[in-house]
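First the structure, which I've put down as structure tokens, then a few questions once you've had a look.
Lettered A, B, C and D in written order, each chain numbered from 1.
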Amino acid sequence: MRANTFGELLRLTTFGESHGTAMGAVIDGFPAGVDVDLVRDIQPHLDRRRPGQSKITTARSEADRAEILSGVFDGKTLGSPIAVIVWNKDARSKDYDPNYYRAGHADRVWEEKFEHRDYRGGGRASGRETVSRVIGGSFARLLLPDEVSIVGFTRQIGTHIAEDIPHDLTMEQVDGHATRCPDHAVAERISDELKACKEQGDSRGGVIEIWIDGLPAGLGDPVFLKMKNRLADAFMSVGAVVGVGLGDAPAAAAAKGQQFHTGIAGTGPEAGISPAANGIQGGITNGRRICMKIYFKPASTVGSTAKKGRHDPCIVPRAVPVIEAMAALVLADHFLARRLDRA
Amino acid sequence: MRANTFGELLRLTTFGESHGTAMGAVIDGFPAGVDVDLVRDIQPHLDRRRPGQSKITTARSEADRAEILSGVFDGKTLGSPIAVIVWNKDARSKDYDPNYYRAGHADRVWEEKFEHRDYRGGGRASGRETVSRVIGGSFARLLLPDEVSIVGFTRQIGTHIAEDIPHDLTMEQVDGHATRCPDHAVAERISDELKACKEQGDSRGGVIEIWIDGLPAGLGDPVFLKMKNRLADAFMSVGAVVGVGLGDAPAAAAAKGQQFHTGIAGTGPEAGISPAANGIQGGITNGRRICMKIYFKPASTVGSTAKKGRHDPCIVPRAVPVIEAMAALVLADHFLARRLDRA
Amino acid sequence: MRANTFGELLRLTTFGESHGTAMGAVIDGFPAGVDVDLVRDIQPHLDRRRPGQSKITTARSEADRAEILSGVFDGKTLGSPIAVIVWNKDARSKDYDPNYYRAGHADRVWEEKFEHRDYRGGGRASGRETVSRVIGGSFARLLLPDEVSIVGFTRQIGTHIAEDIPHDLTMEQVDGHATRCPDHAVAERISDELKACKEQGDSRGGVIEIWIDGLPAGLGDPVFLKMKNRLADAFMSVGAVVGVGLGDAPAAAAAKGQQFHTGIAGTGPEAGISPAANGIQGGITNGRRICMKIYFKPASTVGSTAKKGRHDPCIVPRAVPVIEAMAALVLADHFLARRLDRA
Amino acid sequence: MRANTFGELLRLTTFGESHGTAMGAVIDGFPAGVDVDLVRDIQPHLDRRRPGQSKITTARSEADRAEILSGVFDGKTLGSPIAVIVWNKDARSKDYDPNYYRAGHADRVWEEKFEHRDYRGGGRASGRETVSRVIGGSFARLLLPDEVSIVGFTRQIGTHIAEDIPHDLTMEQVDGHATRCPDHAVAERISDELKACKEQGDSRGGVIEIWIDGLPAGLGDPVFLKMKNRLADAFMSVGAVVGVGLGDAPAAAAAKGQQFHTGIAGTGPEAGISPAANGIQGGITNGRRICMKIYFKPASTVGSTAKKGRHDPCIVPRAVPVIEAMAALVLADHFLARRLDRA
């Protein structure tokens, strides 16, 4: 089981326990000759994920400075594996009791599986593992054509749903609010609710929506590596994610075919393209925007633990760069795969 | 890209185009010495998936008889790859026009990707590919302990939602109605609607729900091979699936943490197990039922084509054994993986 | 363990037992749009490997006609998995006793491993498995540039060593003699010895040499997928092979560095290329001929069994197309990999 | 291409360039609960490989202290990926000229492949990469049963061939001489020759022989993951290795079958086991000693460069722990695979 490796051609292997020595990412299958600058290309994505960014996130304070150990020389990739680590600094292991199993977390089941476990802060099962994913995703982005954009944002937290979202939304706009909700009226209500949550030791889930634009038609593979299931796999592998949908899946399930399928069949240049497909037909991109929703359950740590510990009342805002990173990994893998499609 | 292979330790490779010579499955990594009987263990699952079962399915008539070419000797598996084929017989290739791109289907994008395509009935992108998955899944079931049960059923078609479902639902009960909806009052309404759909050249989507019981705690892997994302990947790789959720994902996203997380933290024997987790915590089974919803968009073929062609107005009922097969593949893979967990 | 799959990007999965229903090959990762003709491109290689070709090979008579089940349409590959089978026809299972373990064969150890085994003719461990490899290799050849040539030949059988080999040797010249030894004086001596061997129930091993020409520099990967170890892996996976060497390995081991390394260091266009490298430096091709020797032990079946059974006294001549097939698979894989090397 | 990962179930990924920041190893698929002590289990193997051990090795001085970054907690493995690094300290990059291509090395071909390369000391193509392999192998050893022993030794350097080797040779005996040749009379002659070589800027190759004892019958897989080709692949992936043989391959190729195959066919308990098989039949262990020869060409750096640089005149002695490490990785992988063989 390649349990710690993601991807087929571009492969990210992650390692590290939450309170161990370091978190790491090894990226293999990365082509040679790609310009990379740690400060410009990698660190900003880590900073977007970093704890302690605002009043609505955990108080754990990690500078999370990435160090490249291999694979890059003179500002360019070498074609050899790129290893990057982030040291764990602010790990307060004494906060954890080896005989205490947190509800909703992996503590108990991890012990059932492995017997021996690192009980400190979830160990390998901690959300801190996503540091490695963000590193991987930031490298993956370097393999995407300039016209490709990946923008994730907070569509919903609790029962607050953003409605007013510009069609040409940018990452900068998303980051303009600590909630990463680009509908600022809704964002303010979310912000208030999360502050109250924190005081009450309560938590919230929500929905991240991701828009991927600029993809050519013909990306993805037909059977087990369809674009839609690779993205689903990628997103569902993130801690608190409990569901994914291409567009609004529950609505699609209830729709009538003749209303849902608005595309034109026939022989012309646009024939066969379906606007309702959310960018993916038969598993392969059709050149339109991919829109997916990712559903998060409320954070597991609630009650008195939540009040005293260093936890986010809602991980959705900080999960945005993680979801984007996973999307970038899937896309870059498919862009590489595309080089192998034809004679 | 291992685009036609599913699984890590138990690997199903599928081949075949809808109107080619044969559909096939090669199952590798299957242990030696497992009793297998084609008529008892494999064919029944193919029969459950077969077209032409009732008035609400396609008129294409395929006996779909599986033939084992290798890997089984004297009624037991050999530890070598198991190859099984099903000949394509009722393939009417003349029904298809090479220059015609059906809407919502993969016709156009497949051509963008590969240039050369088998335009007959979707070729490799046809739902007929799931024959191979059902074969794979039926073998995978043989690796599961007796106490494990996998029951999928039609939870919803169009706007009709089954409500009255027995907690100890069996496959036999599900198969008791052509719609595979075990709430028979709702099933009848669905049946009527699908007949009308067929006449109108319309189609419907819906929701399959799958219940997996009898799993031990500790199955699944922590990071990229979590039980939840392996299942999501498996289900989303099926043709018309547009979303998956652990339990009711949209409801979880809107819930308050203190209400959602009802598990007990602490040190006792049940501590750390969360009833709200739908059987999976931190990606690993907790010994409770796994419940997932799989969302299907309406079938793509609508209008005059749907009236004259041989298509299902709704593929949800026939997709139930396919979804179960994918679940069986994921579970068997994890049961094998479990043998590698500890020293 | 991907025990029945060879290759990374171009993947050959083989299935079938010697006396089972059929032998098969599934080739995945093969690009779309490649012209393929069964009679022109595939069957001739099977014919070269086929038993019953001459007085010095086994009397088992198999037409070994390949049938393509999928992946090819209108004379071109589809980008989907190519499945090819060959039916087993002349299988005389009654010749085999389930409680009898042949010396030197896999009978006993296979039973130690799997407990249950197909005792008929070696089952999966039979040399007949190489039918599938030759099919895979014949497809792999279609991915190689025209200027690439792969020529294997019998360099030695028993103590007879071919000396007089033209530098521009062709497959046609090799096939000009049943022994596949292109030094015809030596070939005649080999032929006489093998006929005597057959009568005496004795057997011989030998050395196949393979010359690969026309490769560009820069093919192969630096660490675990070096060209030299991929070829070694490929060749050593063939039944009776007991050793492989780049050029004359024992001689290289005994050589003095200053005599062995005749290449020029420096900065000019030829600098760094080493004639002694047999075409591979640091695991990567240097644009010169690759020359490898593959050592075969004598066939295992000797004595009275050999006299009555249907066995080759020496498998080296028939192994030539198998070795070439394995080389073609490795090369095609690296040619695909090359598309991923750079930005 | 998984060019930097070795193994199927136990997977070693190596990273690092010779004059980069650090060399590293990530070991995934390692079971939980295995006792590991860095000083006792890992460092000694690194020390055996370390440069600067004696007058016949390179003057590059690296302490090569391993640091575990993840996967081990409280002295036991966690089941999560084990990451280990070794910092590069004594890297004198100014010794290297970017426009100079060394003969016999990968300099030129690496540039052909990737265009951009780390020209300092061979970069990724340096023998220093084997640091990571030795780390991987030292962990792999922890998965082997106590009765398994892996002993590699210098059988030959130049034309000096060790003859007098005790059948129960130990690693300690091998390490008793700087040449790792356990025939001390021959070892002394080798030692003298290598000192002379160093002064003359000459180099030597040789043969490492490896003996693997204590394996059960039934280890290995039948087709593409035979024990013999996995070992061949592993050994041939090491820098200067130009050939491998099971026992004495050239002698086997020249032998007569009736003399070579001394095993007994039949039905008794020893029937089917072949003493001539060097421990492997049909790719699977037979419970006897595996004996393999690994042929090394002379070190590439000769002449004036060799005199002034920091190079070994013969890498064979230092390659012994590397070869053993590769064997340990293959064996551990097969021991894990064995858990999956049967129902």
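Going forward, contacts are C-beta pairs under 8 Å (C-beta built on N, C-alpha and C of every residue); 3 or more make two chains touch, one makes a residue touch a chain.
Values in this document were obtained by computation on a predicted structure and should not be read as measured data.
*Asks:* Using the touch rule from the top, work out which pair, B-D or A-D, shares more C-beta pairs.
*Replies:* Of B-D and A-D, it is A-D that has more C-beta pairs in contact.
*Asks:* Of all chains present, which has the mean Cα position farthest from that of chain B?
*Replies:* For chain B, the chain whose C-alpha mean is farthest off is D.
*Asks:* For chain A and chain D, let me know how many angstrom lie between their CA-based centres, rounded off.
*Replies:* Each chain reduced to its C-alpha mean, chain A and chain D end up 40 Å apart.
*Asks:* So how far apart, in whole Å, are chain C and chain D when each is placed at the average of its C-alpha atoms?
*Replies:* It comes to 26 Å between the two C-alpha centres.
*Asks:* Distance from the CA centroid of chain B to that of chain D, rounded to the nearest Å?
*Replies:* Each chain reduced to its C-alpha mean, chain B and chain D end up 46 Å apart.
*Asks:* Got the chain D residues that touch at least 2 other chains?
*Replies:* Counting only residues that touch two or more other chains, chain D contributes 1-5, 9, 14, 29, 32-33, 77, 79-80, 113-115, 124, 222, 340-342.
*Asks:* Considering only the defined contacts, which chain A positions touch chain D in the complex?
*Replies:* Touch residues, chain A against chain D: 1-5, 11, 13-17, 20-24, 26, 28-29, 32-33, 67-71, 73-74, 76-83, 85, 113-118, 123-124.
*Asks:* In the complex, go through chain A and note every residue touching chain C.
*Replies:* Answer in residue numbers: 9, 29, 31-34, 77, 79-80, 143, 222, 336, 339-343.
*Asks:* Chain C touches which residues of chain D in the complex?
*Replies:* It is residues 1-6, 8-9, 14, 99-110, 112-115, 122, 124-125, 129, 156, 158-159, 197, 200-207, 216-226, 228-230, 232-237, 239, 241-247, 249-250, 252-258, 260-261, 263-267, 271-274, 276-278, 281-287, 293, 295-300, 302-303, 305-306, 313, 333-334, 337-338, 340-342 of chain D that touch chain C.
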